[in-house]
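Note that subunit A is present in both complexes that follow, paired respectively with subunit B and with subunit C.
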Partner chain A sequence: MTSATPVSAPAETTAPPAPERHVGAAPAPAGRGSARRRELGACGVLMTPFFVLMVTVFLIPVATAVRLSFFSDDQPGLGFGPERTVFAGLRNYTAVVTDPTFLGGLGIVALYCLIYIPLMVAGALALALLLDSGVVRLRGTAQLALFLPHAVPGIIAALIWLYLYTPGISPVIEVLGKADITVDFLGVHTVLPSIVNIALWSNLGYNMVVFYAALQAVPREVIEASVVDGAGPVRTALQVKAPLVRSSIVMVAMFTLIFALQLFTEPMLLSQSTPMINSRFSPSMYIYDAAFTRNNYGLAAAASVVLLLCTVALSYGVTRWTNRAAAAEEGAR
Partner chain B sequence: MSTSTASRTASPLRPRLLGRSVVNLVVGVSVLYTLLPVLWLVLASTKNRDALFSSNVLSLTDFSFVRNLTDLFAMDGGLYGRWYGNSLLYAVLGAALGALVSIACGYAFDKYRFAHKEKLFGLVLAAVMVPQTVLALPLYLMASAAGLVNTFWAVFIPVLFNPFGVYLGRIFSQGYVPDEVLEAARMDGAGELAAYFRVALRMLGPGLVTVFLFQLTAIWNNFFLPMVMLSDQDLYPVSLGLYSWNSSASVSPEYYPVVIMGSLLAVVPLILAFALLQRFWRSGLTAGAVK
Partner chain C sequence: MPGRQSRRHVLATIAALPLTGALSACGGGGGDTRSGGTSSTGRTVSSGNGRKTRITFWSALRGSQEVVDAFNRGHDTIQVDFQQIPSGGQGGYAKLSNAARAGNAPDIATIEYPQVPGFAIDGVCRDLTGLMSDGLRAKLLPQALGLTTFEKRVFSVPLDIEPMVMHYRTDLFERYGLTVPRTWEEFEDTARTVRRKGDERRMALFPTDGDTHFAAWSWQAGARWFDTSGGAWNLSLADAPTRRVAAYWQRLTDQHLVFMNASESRQSDAQIAGGAVLSRLSGAWDAGAQMKARPGQKNRWAIAPLPQWDPADPGVGTHGGSTFAVTRDSTAPEAAMEFIEWQVSHPDALRARLSSGASSQYPAAPGLVDVGREAFDRSYYGGQDIYSLFEREALKIRAGWTWGPRMTATGKLMKDGFARASGGQGDILGAVRAAEAGTVPDLEALGLSTTRHST
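What follows is the complex of A and B.
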């Protein structure tokens, strides 16, 4: 998300700013003052509901998570109460970052991101470029079909694929079996690719639509110019169109990253059917397990703060990196 | 794609045809990839338990769609109907209210000036990054202190918060509500709030629908928060309900057909919403993607 801000910032600042607004309304200085007060009043009324929500369901919880991470329950399992908790300093953090199951979970999510994000971005962009090339038949229908999985809730997508991974139910395994191929989709090495597949299936079409919308906004003259210059359709797509939608690419990559780091629903459902996924498979599952199975709130809070810091650091890194790449390209021109 | 490049240099006409078929083939295969699992769900919902496990999805011999449907709504005393109602209530009401709140805030961010506005906006955007798992435990503790754990409100209130909706609201307000129109409303003596509710909100219609749809999808998909907050099965949304039924299915296989049928029905509302409101969310996505 932060990626979208710098990208959109120029547009916001160049948009006609407010000063001219008052010219006709209130010529007298006194009237101007009261108009300003009324504006601020209205602004406050329109913003209050959102910020009340933001404070109660976002700011206070984040602060609480940070505070909890520095405390520990001296009688774990007896519930939450300030009188029972003691200041623990960084003890919870040490416990989290030295816990091999947590580190294992982080490793799994890192691997998941490394497989999933490039596949997702490249796949969605390639499909959008193909659809934008103008040679695809039934383009509207194809787009709707590709978008369809977005309307399938995540847990249901996981359910459908779980059944498609289950021997005995799955027609996929049956067909492969007839060709003498046996695949255990929920085995040691296949379970992560299987999860990647579920996420890819769910979100590919949605991101394709985002890219397609951005491609449609590319001025046609730019593309005509590149065709006149003798670039073939593939070169036009990769060297002219793709760089022009870079802000969308960054946005999609960023959102994909943020959601990928929260990996929870799919492994949680698959864990019902495969021993390859334990209850602390991903950091989010670790947090859930620490908080609601082991009732160790301090540990859960410390783990969630670590996850949050990872997310912020990675998002910041991606933003910096893409900004620098953009600046380098500007300089090269 | 790369094959079409390689061959294009040879002769002008045939490679182009080849390129076209390769492009159509790639898109066609992708469409099959996205469609077939849904098609499997539809076919599987017509199967009874034995046919389901015989893997022969395509045979139409034992067609038990209606039986599965009645089984679904009879299972565990009609629990599925309750879950469905709960999901609709959480999602439709939550998305409508959430969209109104976010759009109003985004509009105010666009049209009014005040100190530290951009910093505040940055904070709102940063909220998008924070994982739900980070908020869940504190929210649970807060809800339990307020006596709201295991109630409708414990799930309903947190899902109203939609920082991305504020971002979209600001962009839509820039694009759809010209300052001149507000100026004209002010000249006519309309107050600031009247100008928003009578003039601007109408122009923000497509944006409102887009944010509504985004949030509808998010709430309908919501799984983590209900799992943390709810223990009473009567309050479950469909997602959590099917999850719990699926975990029973490994012990008692009679749950399989109803989980499949339940999944199929759970897909319907979002598809309907996307199909009916297509005109709006397409323009909305464009606004979100291009800016």
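What follows is the complex of A and C.
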């Protein structure tokens, strides 16, 4: 899942020159038409793999999911009769949005986002600012140590934490128990923070690197100016550096939001160990359960489309909101 | 900044998609297989003088290998290839669904009663109405056959029917001077005595993973969670008898008169092995499972009828029990049916199964009860004639119970609720209501006519 971010990062940096070249080519004289054709041909060749992949692994599956959500192999009445494929209309969607278990899953993910995203963004930014400020010795080692958990696949990370959370085998619980502290990491109220903890552990280092890279691009003279003006290190970090990496913060927040909405691996694994995580804990788990244990593909497809729409709408909302905020800020200056 | 924004927008959309993609990739395959794949599970092989039909059989039941061996020894024209698979909840049902979807399901699958309607609706089970002989029909207990018959069509043949009984510790009953409770009221009193005298012992367990236990108790009280009258699935999981049962167990758990934890857990194993729990409320089959699991407790257990609500109108529900279905993909349904008929009604089949030493199944064919009575090794239960007890209890099974079309999912929701209740969130009745509320959208999305009647 997280591989989408590294792919997108270069795209963001390499894409801007393309329109420029285009703009440059537009006023070219008609005599250079053949060169232009060659350029278009090269464009076509170079972009074909992208579009082929996009169609096969993106558009076709989405179209299939949408089709599955609207059509159904029905056996009317009790369901034992002969099957016929019918247009089911919004039936699957009605079922999904009236299903208390699906809505409950959405609620849990919303709560998860509210806890996780601020912690993640603030934590990663704080670490990046610390590293950038030069306070930290052994900067390379610290960076590597923080980044390393991200290299651990999500499922392995969940397994490690499952071991640390499970009473009876966890050394952490044992040590705490010796100090007369009883903790149940997998209890009714603690299970969500436990999941947040796993996700933080896995992704904090990665997002810290993103922020750190952005901070490297902050012109040194700006920082020197603030120091000359008498700002201390904390004030420099919070009032000078942080606003300058604003676009990175928005990007990290958005990707974190998108991956958070797809919450699946961690609760799926933890559910082996605690009844407090049920098989429909998050919307993604609901979809998995609907498709593979309830054999209800129409419902699963509709739930996927609903989740997709929620994600797109939220991402769109976040960008609109931050753009407007940025414009307002610029207007105020 | 509009350029940046739209690019981000697209990236966001792409990042959001893997899930939808993965789902529809799998779903697409699912849609196709229903139209009937080409399967080659049943093969006809010419050998020597005659033709031999080979059929495949999947089961998780104890003693199945012995049964298959006995059948193969006595038959030349049909040979059965047996494959032991995990029990349903441990992945056996997922395996069957996937195999049916891929067109390589076995000829015969073992399905427990609660899952029969689901597999029938999904088209895994073949309609056996025409294949089943009248002789076989007559041999089976009507309450058992009723559970696998929908719209007058039989989708699966019952092997065993398991009335819920009370397994109890004779030695501990004696130590505390207890008598076997005959009503639930007496059961509660006994539980109170045990709590008072019993050094951290408890009368029983309310299993938080016991959706089937709870179903059996509700069934006994007269509940009808699903009803198919009027050509629709009518749900009333929280009907009056169920509410009564829920309130009863709520009181027992609130007052700590019974344990409340998962039954399939190390904790529960320890409670039974360590003598912390005085009774187990479960199906007749559990007698054999107990023998196999804890040979050291020989002579300490006996079996009694389940306590009643009203001794004047006795009833029980079933807990466990399996059926055999011929899959729609089978190419040798007649041969498969012949094996099934032999397995559920022939004395040799039951003898072979009981010879494994781990089964006390109560046959759905009453004609076999005598065979079971003779073949079962009574020494573990101090010579108690448990088959005669099962026979009396089986006659009390209330007719009219129907399992739902997505019983695994319904049960799971109920278990989730029980587990939360044990963690201090919600209660038993709430779990039952949540199970109904979470089942309805599922059925509606499947296109089934559905009504709700819980109050």
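Heads up, the rule we're going with is that the second predicted complex is superposed on the first by the 292 of 333 C-alpha atoms of A that agree within 3 Å, B and C clash if a C-alpha of one lies under 4 Å from a C-alpha of the other, contacts with A are read in each partner's own complex, and residues count from 1 in each chain.
Quick note on the criterion: a contact is a pair of C-beta atoms (placed from the backbone, for glycine too) under 8 Å apart; a residue touches a chain by one contact, two chains touch by 3 or more.
A quick note: this is a predicted structure, and the numbers were derived from the prediction, not measured.
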item: Touched partner set for A:Asn296, first subunit B, second subunit C, both or neither; value: second
item: Subunit B versus subunit C as contact partner of A:Thr311, first or second or both or neither; value: both
item: Partner chain in contact with A:Phe58 - subunit B first, subunit C second, else both or neither; value: both
item: First, second, both or neither for A:Thr236, with subunit B first and subunit C second; value: neither
item: Partner touching more residues of subunit A, whether subunit B or subunit C; value: B
item: Touching partner for A:Met276 - first (subunit B), second (subunit C), both, neither; value: second
item: Contacts of A:Ala42 with subunit B and subunit C, given as first, second, both or neither; value: first
item: Touching partner for A:Ser194 - first (subunit B), second (subunit C), both, neither; value: neither
item: First, second, both or neither for A:Thr319, with subunit B first and subunit C second; value: second
item: Which of subunit B and subunit C A:Asp73 touches, first, second, both or neither; value: second
item: Subunit B and subunit C contact sites that coincide on subunit A, given as residue numbers; value: 1, 4-5, 8, 11-12, 15, 57-58, 61-62, 64-65, 68, 80, 251, 258, 261-262, 264, 284, 287, 291-292, 297, 300-301, 304-305, 307-308, 311-312, 315
item: Subunit C partner contacts - residues on subunit A that touch it in the complex; value: 1, 4-5, 8, 11-12, 15, 19, 57-58, 61-62, 64-65, 68, 72-80, 83, 86, 88, 91-92, 94-96, 98-102, 187-188, 247, 251, 254-255, 258-259, 261-262, 264, 275-276, 278-280, 284, 287, 289-302, 304-305, 307-308, 311-312, 315-316, 319, 323, 326
item: Parts of subunit B lying in touch with subunit A, wherever the complex brings them together; value: 1-2, 4-5, 8, 19-20, 23-24, 26-28, 30-31, 33-35, 37-38, 40-41, 44, 52-53, 55, 57, 101-102, 104-105, 107-109, 111-114, 122, 124-142, 144-145, 157-158, 160-161, 163-164, 166-167, 170-171, 174, 179, 182-183, 186-187, 191-193, 196, 217, 220-221, 223-224, 227-228, 238-240, 242-243, 246-247, 250, 256, 259-260, 263, 266-267, 270-271, 273-274, 282, 285-286, 288-291
item: Complex contact set, residues of subunit C against subunit A; value: 1, 3-5, 7-9, 11-28, 30-31, 34, 94, 97, 118, 120-123, 150-151, 153, 155, 208-209, 228, 231-233, 262, 405-406, 408-409, 412-413, 415-416, 419-420, 423-425, 434, 437-438, 441-442, 444-449
item: Touch list for subunit A against partner subunit B, complex; value: 1-2, 4-5, 7-8, 11-12, 15-18, 20-21, 24-25, 38-43, 45-47, 49-51, 53-54, 56-58, 60-62, 64-65, 68, 80, 126-127, 130-131, 133, 135-137, 142, 145-157, 159-164, 168-171, 174, 201, 204-205, 209-211, 213-214, 216-217, 232-235, 248, 251, 258, 261-262, 264-265, 268-269, 272-273, 283-284, 287-288, 291-292, 297, 300-301, 304-305, 307-308, 311-312, 315
